[in-house]
Structure formats: C-alpha cells, structure tokens
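In what comes next, chain A is part of two complexes: it sits with chain B in the first one and with chain C in the second one.
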Partner chain A sequence: MRIERYLRNVTFWHMMVGILSLSVGVTYGLLQVLARAGVYKYGGFVYDTKAYYQGLTLHGVLNAIVFTTFFIVGFLYIVTEVSLKKKLNRGLVYLSFFTMLIGTLLAAWAILTNNATVLYTFYPPLKAHPLFYIGATLLIVGSWIAILNTVITHLKWRKENPGRLTPPPMVAVHAVYAVWFLATIGVAVEVLFFLIPWSLGLVKSINPELARTLFWWFGHPLVYFWLLPAYLAWYFIMPRVAGGKLYSEPMARLVFIMFILFSVPVGTHHQFSDPGISNTWKAVQAFLTFMVAVPSLLTAFNLAASLEYAGRVRGGNGLFGWIKTLPWGDYRFAGFIAPMIAFIFGGISGIVNASYNVNQVVHNTSWIPGHFHLTVGTASAMTFLTLSYILLEKLFGKKPWSKGIATLHSYLWLAGVLIFSWGMMQVGRAGIPRRTHLGLSPYIGAEEKVFMIVSAVGGTVMFIAFLLFFVNFFITVFKRPEVDSEEVDLEFAEAYHKEDGNLPKVLDNFKFWIALAVILIIVSYAPVFFDVFRATYGVPGAYSPFSPSNLIR
Partner chain B sequence: MKWDFIDEYEAWAFKLSLGLIVVFFVAVVGLAALKGIDVPTCVTEFKPFEKGELVQLGPKEYQLKLLARMWSFEPREIVIPAGAKVTVYTTSLDVQHGFEIEGKAVNLMTIPGAVNKAEIVFKRPGEYRIVCNEFCGIGHQTMYGIIKVLPEEEYEKWREGSR
Partner chain C sequence: MRRDLKDFKPKGAVAFFAGMLLMYAVMWFAIYFYLIISRGG
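Moving on, here comes the complex of A and B:
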C-alpha cells in the first residue's frame, strides 16, 4: 500500500509528541520512586512536596493520556490505510492532530505552572485552572475527529466491497475506537457540564460523588483503549515476527467484539469503597468486569498457540521444546514477548482488584500502581515503543541504529518492572497508600521501607532501560534511510485457522454490538446514578491543593 | 449465532475461560456473604455532619462519626476496649479523602456531600494505624490517625484516668 508522505510525516509527529511526553513523564517517575523510598530527599533538585505532586500529575497525564492517545491515533491511521487499502481524509487528519496538540499544550501549561496539581483523576472539589479542563477536552475532541475519519473511510470501503468481511486488524481498530468513544462520553459530561462551569466560577456547587462516577465511567474502559492496540500488535504483527502464523482468526474477531460489549459498564469496580452506590450494583459491575477477563484469557490461549506454532515451524519439538526455538534475540520479538510476560502478572493482579470485597485490602494502596505499571506501564507502553521502531523502519526505511540495544532494553525493562511492582505490591498489602510523598510520611515502618527501596531499585532499572531506548531511537530518527519507498507493508500475520466462510454475519456488524453495549451501559449504570442522586449532595466548595481554605466562601 | 466458526480446541478454551471466571466470581461473592465481609453500600439515613466524635451506644457498642479534613482526621486518636463493635460514619469537610485501617478489610472513600459507613469489630488488642489514602493536597502524606484497642482492664483504667 502506498502511504502518502504527509500521512507518514503526521504519524511521525504523533509518535514524536507521544515519546517526548513519555520522556518527561518517566523522568518524574524515577524521582518519585526515589523520593517515596526516602533515598533522595527533596531540596537537592527543586523537588519539594509541591513539586512531588506536580510531578505526579505530569507523570500520570503525560504517560497515560498524552503519550498513549497520540501514539494510538497515529498508529491506527497506518493500520487503517494499510488494511483497507483506502485513503483517509487529509484535512481531518490535520484537524485532529492540531486539536489534540493545542489541547495538550493548554493542559501542560496549567500543570507546569502548578495551576493544576490535581493528579490525573482531577477529583473535585480540588480545583485546577479552567484551561486544564479545556485542554483535556480538546485532546479528547481531537481524538473523536480521528474516529470520525476512520469510520467514514471504513463506510466507503464497505460500499466498494459489498459482502466482504472487514479485515481482522480493522476489527481491532474499531474495537479500540468504539471503546474510546463510549468511554469518553462519561468524562465529557463530567468536564463540560460540571467542572468547566464550576472552575470558571459560574456555578458554586459541585457533587464530588457524581463527578467520580462519571470519571470512572471513562477511567476503566480507558485501560482497554491502552490495551487493545497492543493486542492488535500481538495478534497481527507478533506471530509473523516470531516466524509463524496467528493461530485463529475467527477467535481473534470474537475477542475484539467481546471487548466492545463488556469494556464500558465496569467503572464502579473502581468505586467499591465509595459511598452512595448500593453494593448490589457494585457486585453486578464486578461480574461484568470479570466478563472482560474472558476475552483476555482467550487471547492468552490464541497467542500461546501462535507462539507454539512458530516455535514448531522453527524446529522445536516435544512438549516445551518449541519455547527454546523462538527468536528470543530478535529485537522485535523481545519487544513484544517482554510486555506479554508482564501482562500475565498484570492481568492476574487485575482480577484481584476487581474481586469485590478483596478490593478492600488493596484499594488506593501501593498495590495498585504495582498492578498498572505491569499493564499500561509495560504491556502497552513497551509494545508501543517496539511499534515505534517498526514504524520508523516501515514508513521511513530506517532500521534501528542498534538492534542489540533494542533487544537488551526490552528485557531490562521487564526485569525492572517486575522488581518495582513486587516492592509496590508488598507495601500495598501492608496498607501503605498510593500517590503519597511517603519519604515525608511519619507512619512508615522499617519493613515497609525495605520494600520501598526494592521498588526504587526496580524503578531505576526501568529508567535505565528507557534511557537506552531514547538514545537508540533518536539516533535512528536522525539516520539516513536505507530504502525510501512509499510502499508500506506492516506484514500482518496470516492465520493458521482462517475464517472460511462460516463466520456469523453478526460478528462483522459493529453497529449491532455498539447498540448492545449502549443498552448494557444504560441497564448497569441507571441504578448507580439513581443511588448517587438520592444519597449524595452538591457542596459549595473549591480548594487549591496548597491550602485548606475554601476558595468560594 | 452458530458456533461452528471456531474449532474444537477454541471452543474448549472458551468454555474453560468462562467457567473459570464464573467459579472465581461465585467464590468471591459467596465468601463475602458467608464471612460477612462486604463493601460499603448506599447510605441515605445519615446526613453529612461537621463535627467528628466517638459516641458510646451501649456496652462495647460505639458509633464513630469520623470527619476528614485537610489534613487530619477528627477524632485523631480513638481508644476502645477489645471486642468493641464500632459503626463508622464518615464524611469530609473539604476535599476527597480516604480512610483505611491497617490490617482490617476496611477501606472507605471519604467524600464531601456523602456519608460512608462500615461496621467493624476489634477483637485483637493493639494499635491500628489509619491513613488517608486519597490525594488531598500538599499535606496528604502526613494525614493519619490511630485506633488504640486496649484489653478490658486496661481500658477501664484508661477511662478512670481520662475522667
């Protein structure tokens, strides 16, 4: 497929904004993990308590929102054009990019000037500068324009190819965007109808519990927005890198459809500890959360079978012999298998979090960042960095400067994150909170301190791995291209078990599944909002994180 | 929907995954009901309050109105006898806070404009650390309190002394 130069360049800039944001974000990550352990006292490097929470806000917003959104939108443009062999609308591509960029700059200004030290969840009545909320809104609206562009292109393709099934990678693209769109409705309502008018001073009152409920409508499906593009890469790019095929294409289609259906009505499992929501509906959404684990278990089966197939093609024998023959030294394989291994532990700890009353032990403790640095912090982030190498090669003919370093930093990061998360989970189980400048806390015991130092060691290893990536990647960017061709082939894997004409038609009908998802959201959220409205109140208040006095009275 | 589009192994993977998840869920919710360890529910009978205090309702029965504010709990130190049953109601005077008791499955979000509730029995004497586990501003890391559970005789002595 010929990809026009403009789209290759715009995709490059999506990657660039993402990776530069991530670079700032991970630097703050290192400072935080050291400050928590008390290894590094504030003061040496303009790093007081104010700066700790400002850095924490940057760490969350830049890594989890800016990096992911920019990277995913850019990557999915290429997947869309390559798999549909159709052109996107150029004007909308630019409009989306600049809307997202302006939004990011506005929010970044608010955070960098310490006017939005409200962390990435921005729970009211902690108040940020209005530009923080407006910037976040523009970032989301920009991504909606990308969705619109993709849907228009797909509908055109449908018209020109009647009766043909959507290509499998495109099914994944639709799953990503369907989940993202349904999820962002919650946060859009929160920000547009409540937070922006309140932060501008137009209304004095805000209902914090209602805001939380709307935030988590968005906050959990957000994790599938991060995860599904990584799944796309693991399903459709990884098997060929490993030297084999995707085990089952129909199963892959089924999995992505299940994500559309179950990703959104699960948000209250972040609110098991909240007032104002009956525990019956907390249990219902806990069950729906468990249902989203099913497609992930099916993914484990399908990907393991694909890896086994590749290992056997490469001459592996016996029950486990195929593991040895996989291309462990290939930088792309390393860059996919390391995040997949991290995700095994990430997924299991996620089941713990979703487990209703078991959550009481880990809610808001250090266990939680231990969990999500394995999932979004490694399974998604490292997969995206590996894809960045692949995109540089496919779009610009630039192979990594050093393949050895690329392989090394993947395994190094895996080792780092496993150590980091183990330490975090240990102190979390002891009841030590997350998002807290623990280096200054009067209540830390000696044993907990030990595990915080373990986390600091793991975090440092992760940072070194990222530094290796950063150097290797930017040397590659400034290299001369080896080949410069407009032909782009992402080399999607063939399937071993192909779809052979008996796929139920309904599995290729996205409107149907999105409509069903909407019904499920309404049924599972209506009683939750009913409870919130009858049991909680709006409060006249707005607070700066730096002072306990009410800004409104 | 006909299921012949996936092969035999895939169908087994599907059934096993679904079965595993259902077993997990039944185990978790079943044990929650059996052991009486539940998550907080919707409270409508209690309105938000502006003063924190411990009220004795009967022998070994207490009501704790716990108020969270930037950056302390009110009351900050709570003394009760071993075996006491405490019903906690909690709310916040300003921003969102968290209330977590070390070593107990009690973890409540403390939200302005809402009241959260838990029932806790303290059998084992000792000092239980309570911490705020939700970011509440620049003093968040110093926000904690303590629940002292004293053996009965010691508690009586303490009560005599504090009068």
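Moving on, here comes the complex of A and C:
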C-alpha cells in the first residue's frame, strides 16, 4: 500500500508530539517517585514546579492523555489505510491534528503556569483555569474528527466491497474508536456543562459527586482506549514477528466486540467508596467490570497459543519447550513480550480493584498507581514505543540505530516497573494513600519507608530505560533511510484459524454492537445518576491543593 | 525451522492459561485474607 507523503509526515508528528510529551511526563514521574521516598525535594530543578501536585498533574496529563491520544490517532491512520487499502480524507487529517495540538498547547500552558494543578482527573472542587478545560475539550474534539474520518473511509470501503468482512485489524480500530467516542461523551458533558461555566464564573456552585461520576464514565473506558491499540499490535503484528501465526482470528474479532460492549458501563467501580450511590448499582457495575476482564482472559489464551505456534515452528518441543525458542533477542519481540508479561500482573491487580470487597483494602492507596503503571504505563506505553520504531522503519525506511539498545530498554523497563509496582502495591496494601506528598509526611512507618525506596529504585530503572529509548529513537530519526519504504506493509500476521464465510454477519455489524453498548450504558448508569441527583447537590466553593481555604470569598 | 504446523493443539497455552488463573486466584485470595485479617477484628 502506498501511503502519501503528507500522511507519513502527519503520523510522524503525531508520534513526535506524543513522545516529547512522554519525555517531559516521564521526567516528572522520576521526580514524583523520588519525592515520595523523601529523596528529592521540589524546587529549583528542571522546571521549577511550585509543588508536588503540579508535577503530578504534568505527569498524568502528558503521559496518560496527550502521549496516548496523539500516538493512537497517528498509528490508527496507518492501520486504516493499510488494512482497507483506501485513502483517508487529507483535510480532516490536518484539521484533527491541529485541533488536538492547539488543545494540548492551551492545557499545557495552564498546567506549566500552575493555573491547572488539578491532576489528570480534575475533580472539582479543585479548580483550573478555563483554558485547561477548553484545551482538553479541543484535544477530544480533534480525536472525534479522526473518528469521523475513519468511519467515512470505512463506509466508502463497504460500498466498494459489498459482502466482504471488515479486515480484523480494522475491527480493532473500530473497537478503539467506539470505546473512545462512547467514553468521551461523559467527560464532554462534565466539561462543557459544568466545569467550563464554573471556571469562567458563570455559575457559582458545582456538584463534585456528579462531576466524579461523569469523569469515571470516561475515566475507566479510557483504559481500553489505551489498551486496545496495544492489543491490535499484539494480535496482528506480534505473531509474525515471533515467526508464527495468530491462533484464532474469529476469537480476536469476538474480543474486540466484547470490549465495545463492556468497556463503558463499569466506571462506578472507581467510586466504590463514594457516598450517594447505592450498593446495588455499585455491585452491578462490579459485575460488569468482571465481564470486561473476559475478553482480556481470551486474549491471554489466544496470544499464548500464537506464541506456542511460533515457538514450535522454531523447533520448540514439550509442554513449555517452545518458550525458549521464541526470538527473545529481537527488539520488536522484546518490545511486545515485555509489556505482555507486565500486563499479566496488571490484570490480576485490576481484578482486585474491580472486586467490591477486596477493593476496600486498596481503594485510593498507592496500590492503584502500582497497578496502572503495569497496564497503561507498560502494556500500552512500551508497546507504543516499539510501534514507533516499526513506524519509523515502515514509513521512512529507518531501522533502529541500535537494535541492542532497543531490546535492552524493553527488558530494563519491565524489570523497573515490576520493582516499582511491587513497592507501590506493598505500600498501598498497608493503606498508604496515593496522590500524597509522602516525602514530607511524618507518619510513614519504617516498613513502608523501605518499600517507598524500593519504588524509587524501580522508577529510576524505568527512567534509565526511557532515556535509552529516547536517545536511540532520536538518533534513528536523524539517520538516512536504509530500506525501501515506498510500499508500506505492516506485516499483519496470518491466522491459523481464519475467519471464513460461516462467520455470523452480525459480528461485522458495528452499528448493532454500538447500539447494544448504548443500551447497556443507559441501563447501568441511569440508576447511578438517579442516586447522585437524589443524594448530592452543588456546593459553592473552589479549592487549590496549595491551600485549604475556599478560593471563593 | 519448520514452515507450518498441521493439527496444532495449543497444549502449552492451555497449561499456561491454567497456571495463570491459579496464580490469579492465589493473589486475589491473598488480598482477600488480608481484608479479613486487617478488618475482621
């Protein structure tokens, strides 16, 4: 497939905005973990952050929102054109990119000037400058334009290819965007109808519980927006890198459809300790959260079978002999298998979070960042870094400057995150809160202090791994092309069990599954909002993390 | 290296999956017992 020069360049700039944001975010991540361990005190280093919470806001927003959104939109453009062999609308590509970029710059200004130290969840009554909320809105609107572009392109493809099944990688693209669109409706309502009028001073009061509920409508499925592009790479690129095939294509399709259905109506499990929402509906959403674990468990099996196939093709024997014959020294394989290993532990720690009973042990503790650094912080982030090498090669003909460093930093990151998360989870299990400047706290016990230092060691290893990536990536960017990149082939894997004509047509009907997902969202969220409206109300007030005084006098 | 496998049965993947579920159960119950011990009195 020939990809036009403009799309190669725009995709490159999506990657660049993402990776540069990540590099700032990762630096603040190192400072966070060192500050929590009491090793580093804020002020006078890098950018003079006013406080721990400003750095934490930068870390969360840049890594979890800006890096992911830019990278995913750019990557999915290429997957769309390659799998459909059809051109996207050029004007919409540019419009989407610049809308997202302007939004990011506005929000970044607000955070860097300490006018939006509200963390990435921006819970009211923490109040930010209106430009932070407007910037975040533009970032999301820009991504909606990318969705529109993709849907238009797919509809044209359908018209030209009647009766043909949507190619499986494109099913994944639809799942990513369906989840993202349904999820962002919640945060759009929160920001447009409540936070922007409140931050502009048009209304005096805000209902924090209502805002939290709308945020988590968005905040949990956001996890799948991060994760599903990684799944796309693991399902359709990784098996071929390993030298084998995807074990089951129909199971992969089913998995992505299940994510469309179950990703959104689960956010209340983040509010298990919130007042005002009935236990019944918290339990219903806990059950639905377990449902969304099912496609991930199916993925674990399907990918393990794909790896086993590859390992046996490479000469592996016995029940587990195939594992050692896998290409552990290939930088692309290392960059996919390391995040997959991290995700095994991310999965179980997520199931603990989702459980209404045991969640009480870990709720709002350091366990939670320990968990999501295994998922978004490794499973997604490291897969995206590996994909950035692959995109540089496929779009610009540039292979990594050092394949050895590319392999090394994947395993180093894995070692770092396992140490970091182990420390964070041990501290969290003991009830130590997250999002707290623990380095200044006098009440931390000796055992917890040790594990906070363990986390600092792990975080430092992760930072070193990222530095290795950063250097290797940018040297690669400035290299001369060495392979032909006229025809772009993402080298999607063949399947051992292929989709055939017997596949029920409903599994290719995205409108049906999205409509079903909307019904499920309404059924599961209507009683939650009923409870919130009945039991909570707006309050006058706005706070900054720097002062316990009400900002409204 | 072989080119293709006929009648591939993912026995290793099934064993891996069973082992993973077992590990998940152990880790979940570890937290569950921590809940009982720390909150139970």
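Note that in this section the second predicted complex is superposed on the first by the 541 of 553 C-alpha atoms of A that agree within 3 Å, B and C clash if a C-alpha of one lies under 4 Å from a C-alpha of the other, contacts with A are read in each partner's own complex, and residues count from 1 in each chain.
In this section, a residue touches a chain if its C-beta (ideal position, glycine included) is under 8 Å from a C-beta of that chain, and two chains touch if they have at least 3 such contacts.
The structure displayed is predicted, hence computed values, not measured ones.
**Student:** In the superposed arrangement, does A:Val361 touch chain B (first), chain C (second), both or neither?
**Tutor:** both
**Student:** Classify the contacts of A:Asp508 with the two partner chains as first (chain B alone), second (chain C alone), both, or neither.
**Tutor:** Once the two structures are laid over each other on A, A:Asp508 reaches no partner at all.
**Student:** Check whether A:Phe301 is in contact with chain B, with chain C, with both or with neither, and answer first, second, both or neither.
**Tutor:** Both chain B and chain C are touched by A:Phe301.
**Student:** Looking at the overlay, does A:Ser278 come into contact with chain B only (first), chain C only (second), both, or neither?
**Tutor:** After superposition on chain A, A:Ser278 lies in contact with chain B alone.
**Student:** Taking the superposition as given, does A:Tyr123 touch the first partner, chain B, the second, chain C, both, or neither?
**Tutor:** first
**Student:** Could you tell me if A:Ile351 is touching chain B, chain C, both of them or neither one (first, second, both, neither)?
**Tutor:** Touch status of A:Ile351: both partners.
**Student:** Have a look at where A:Trp322 lands relative to chain B and chain C in the superposition and call it first, second, both or neither.
**Tutor:** Touch status of A:Trp322: second partner only.
**Student:** Would you check which partner chain A:Glu209 touches, where first means chain B only, second means chain C only, and both and neither mean what they say?
**Tutor:** first
**Student:** For A:Pro433, select first, second, both or neither according to whether it touches chain B, chain C, the two together, or no partner.
**Tutor:** first
**Student:** If you tally the residues of chain A touched by each partner, is the higher count for chain B or for chain C?
**Tutor:** The partner making contact with more of chain A's residues is B.
**Student:** Which chain A residues are contacted by chain C in one complex and by chain B in the other?
**Tutor:** Touching chain B in the first complex and chain C in the second, residues 297, 301, 305, 351, 355, 357-358, 360-361 of chain A appear in both lists.
**Student:** What part of chain C is in contact with chain A in the complex they form?
**Tutor:** Touching chain A: residues 1-5, 8, 10-17, 20-21, 23-24, 27-28, 31-32, 34-35, 38-39 of chain C.
**Student:** Can you name the residues of chain B that touch chain A in the complex?
**Tutor:** 1-2, 4-7, 9-10, 13-14, 16-18, 20-22, 24-25, 28-29, 32, 37-44, 48, 69-71, 94-96, 98, 100-103, 105-109, 111-117, 129, 131-142, 144
**Student:** Looking at the complex, which residues from chain A come into contact with chain B?
**Tutor:** So the residues of chain A in touch with chain B come to 49-50, 53, 56, 119, 123, 125-126, 207-209, 212, 248, 250-251, 254, 271-280, 282-283, 286-287, 290-291, 293-294, 297-298, 301-302, 305, 351, 355-361, 363-365, 430-438, 440-443, 497, 499, 502-504, 506-507, 531, 534-539, 541, 543-548, 550.
**Student:** Considering the complex alone, what residue numbers of chain A touch chain C?
**Tutor:** 243, 247, 297, 300-301, 304-305, 307-309, 311-315, 318-320, 322-323, 344, 347-349, 351-352, 355, 357-358, 360-362, 429, 496
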